[in-house]
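Across the two complexes that follow, subunit A remains constant while its partner is subunit B and subsequently subunit C.
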Partner chain A sequence: MRDNEKNSFIHRQSAHCESGGTSNILLNYGVDVSEALVFGIGAGLFFGFFPFIKMNGLPVVTFRNMPGRILKNTSKRLGIKIESYKFKNPEKSMDALDILLDKGIPVGLQAGCYWLPYFPDALRFHFNAHTLIAIGRKGDEYLISDPVFEEPVTCLRKDLMKARFSEGPFSPKGKMYCIKGIKGQVDLPRAVTKGIRETCWFMLAKNPIPLIGVRGIRYFAKRVQEWPEKYGKRRASLLLGNAIRMQEEVGTGGGGFRLMYAAFLQEAADILNKKELLDISERMTETGDKWREFALLGARICKDRSLDGDNYDNLSNVLLDCAAKEYGIYNDLRETVR
Partner chain B sequence: MEKKEVPQDRGIYGKCTGICYAVDENGKYVLSPSAGWEPANIANQQAWELMEEQIAETRERVKRGELSPLAYYMARNLMDVKILAQYIGLPKWRVKRHLKPRVFRRLNPRLLERYAKLFNIKMEQLMEMH
Partner chain C sequence: MKSNEIDELEKELLEFIIEVCNITDPVPDNISADDPLIGPESPLGLDSLDAVEIVVAAEKKYDIRIGSRETTRKILKSLKTLADYIRKQTKGKAKSKATA
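And now, the complex of A and B:
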């Protein structure tokens, strides 16, 4: 059994759990890719507004792709073989985890953060797609490298088991994964190109229901404007608060992942040796800051501390500005990797 | 966002810090610790206030005998009937019935034990609402 104190797993704190977890586990297998790089290769950047899908009674606004996609895309594009397991029986899932840990293999787990005692109380919502890496155990105490925390943390068996079998949307069903091997040489330029192409495809998608990508942002902007009239002041404020939380609270690195993506584009410029990506990265930073302006304005409205000119029309305009900026970015981005 | 502008407004993270992406003096991206940001704190607080309100309301209704203590624990654990039914492995209509005080009082102890275990409480607590 590996001793907790002597654990050799290298832990790096990151902004977001899935991309950070993937980056950390790869680093420990000798593939040094940053969180931002994983996020870009995994085509994590997204926008979706689904008024008819409700979580905790509020419509889903998301700034990233489906949970699990980043890991899948990244491993596929880097040629990394991953073995993943799901379970019906909680006890069996823990036994399987123990076997791997006792061999010294770090194991990625999907878990519901509501049941994780080491989480700050204010963030303990029922969110099922949290990623963490189990790196060792001492009897019933597990050592966890949770990517969004500064240092590795510990968690008791019964709590971890509960978190691995949380229920609701995206329920993990004991999902765990480990790395089986790396196929040949990692081809970064090819992986980066593929990641960028996928992001552009999603963000510029011309599907009949305009809920995702740049069209999704425009649709969202239109809806935001209608909120106060349609739902009244209180409900409108709750809807707005929900969007702000999705954008800023859940480990996005700021600006609904836009700043993380800008960091990715800087790295991509080096990897692909394309100077124009630096320019696009700067524009992405501006867009991220614009999104943060939306959160700032929105929070003032929520708190009833509005200054002159703070209203839902204004918010809608900020969003339209974001949409316009992003539309230009993805079009140019698509040209550079064509 | 520039590195020197990374907000440090303590709130949702408690004693922990999160990571923000920001650019340094040379325009290069760096990972920068952040204690939190006021707009996110406000939005988080608002979400909690709503939940506290719902919990208090349920509590009152349990006290008045309109709902069983199960309803209180469900609210306190931020669940609704759908998610509670999934956890306990019963159809929704049965869990809904258990929210009636009359039905709840006569529940099988084994089932009560399952509820108590889910909420991490003792069976006596589940019966009483503490």
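And now, the complex of A and C:
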């Protein structure tokens, strides 16, 4: 049995749970890839605005790919064999977790972070796709490497079980995974190239319904402009506040993951030996700053402390500027890895 | 241990935050550098939207970057953590300018 004192799992704090958790578990199997690198290889960067899908009664605005995709893509591209499990019975899911932990195997878990008692009140919100790694247990107390915390934390069996079976969108259904092995040599340049290609493909997608990618940002810009007239000031503020929180919180590292992606591109420039990626990384940082300008303007509107020129028309213009910048970036990025 | 001492930079940051977030309610006298800055326990009553404003305004004022690798929530834990982060960043810059 591995308990708190004997545990040798290396824990690193990160901004984003899925990228950070994947990076941490890989590190403990001898594959040292940073959080930003995992995010890029896993094609985590995204934009989607889904007015018909609601979370907590508000439409979903997302700046990252579907939960679970980063882990799946990264492991596939690095040749890491992962075994995943889902359960209907909560008790059985905990028993299966115990068997792996007692063998000394770290186990990735999906959980609803609202039900994890070690989360301080200020950070508790209903999000069912939180990633954490169980690294040991002592009876009913589990030792957890939660990537967004500075140090490993502990959690009781009943609480962990509740979090693993929390209900609502992205319900985890006891999902857990562990590493089964590494197939041959890790080919980092190939993995980075594939990750970049997928991101460009999604962000430049020409779907008939323009809800994702650069077209999604433009569509979002149009809708934002209409909010005050369509919904009134109060509801418009709620919608705006939700978009800003999704962009600046929820582990994005700021600027809706754009700053994290810029860090990835910096590492990619070295790995692929392509200096042009450094320039694109700088442009991505500028885009992240532009997204932050949107958040700043929006926060002032929500808080009723608008300055001259702070209005929904301007917000929409900032978003269109973000879309234009990103359109140029993904086209150039696609060329560098063609 | 909680210390009620607020150093010069922490005091400057407190005034800066009051101005940026337009706090009109009286600020408690016994505010400590370790008090939570954001969230329900914040004596200033700041929330996550205020955090966005503080981050962007602090980046501009102190010519630093908050984001990506350093988690915002860690830096904005208290006046002390924010001041420590600014000191670390500006010291690093001064050092690299001196060696350039």
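By definition in this document, the second predicted complex is superposed on the first by the 338 of 338 C-alpha atoms of A that agree within 3 Å, B and C clash if a C-alpha of one lies under 4 Å from a C-alpha of the other, contacts with A are read in each partner's own complex, and residues count from 1 in each chain.
Definition applied: a residue touches a chain if its C-beta (ideal position, glycine included) is under 8 Å from a C-beta of that chain, and two chains touch if they have at least 3 such contacts.
Predicted model, so just to flag it, every value in this text is computed and none were measured.
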Discussion item. After the superposition on A, what does A:R292 contact: first (subunit B), second (subunit C), both or neither?
Written reply: both
Discussion item. For A:F170, using the defined touch cut-off, is the partner it touches subunit B, subunit C, both, or neither? Pick first, second, both or neither.
Written reply: neither
Item to complete: In the three-chain superposition, say which chain, subunit B or subunit C, touches more residues of subunit A.
Response: B
Worksheet item: In the superposed arrangement, does A:Y327 touch subunit B (first), subunit C (second), both or neither?
Response: neither
Worksheet item: So, does A:F50 touch the first partner subunit B, the second partner subunit C, both, or neither?
Response: neither
Discussion item. Taking the superposition on A as described, I'd like to know which of subunit B and subunit C A:G255 touches: first, second, both or neither.
Written reply: both
Practice prompt. Using the superposition on chain A described above, determine whether A:Y85 touches subunit B (first), subunit C (second), both, or neither.
Written response: neither
Practice prompt. Report for A:L238: first if it touches subunit B alone, second if subunit C alone, otherwise both or neither.
Written response: first
Worksheet entry | Shared subunit A surface residues [contacts with subunit B and with subunit C] | 13-15, 35-36, 120-123, 148, 150, 241, 244-245, 248-249, 251, 253-255, 259-260, 262-263, 288, 292, 295-296, 299, 302-303
Worksheet item: Which residues of subunit B touch subunit A in their complex?
Response: 1, 11-23, 27-29, 31, 33, 37-40, 42-44, 46-48, 50, 77-79, 83, 86-87
Worksheet item: Given the complex with subunit C, which residues does subunit A contribute to the contact?
Response: 13-15, 35-36, 120-123, 148, 150, 241, 244-245, 248-249, 251, 253-255, 259-260, 262-263, 288, 292-293, 295-296, 299-300, 302-303, 305
Discussion item. Under the stated contact criterion, what part of subunit C meets subunit A in this complex?
Written reply: 21-22, 36, 38-41, 48-53, 55-56, 66-74
Fill in: subunit B contact footprint on subunit A (complex, rising order)
13-15, 35-36, 56, 114, 120-123, 125-126, 148-150, 167-168, 171, 237-238, 240-242, 244-245, 248-249, 251, 253-255, 259-260, 262-263, 266, 282, 285, 288-289, 292, 295-296, 298-299, 302-303
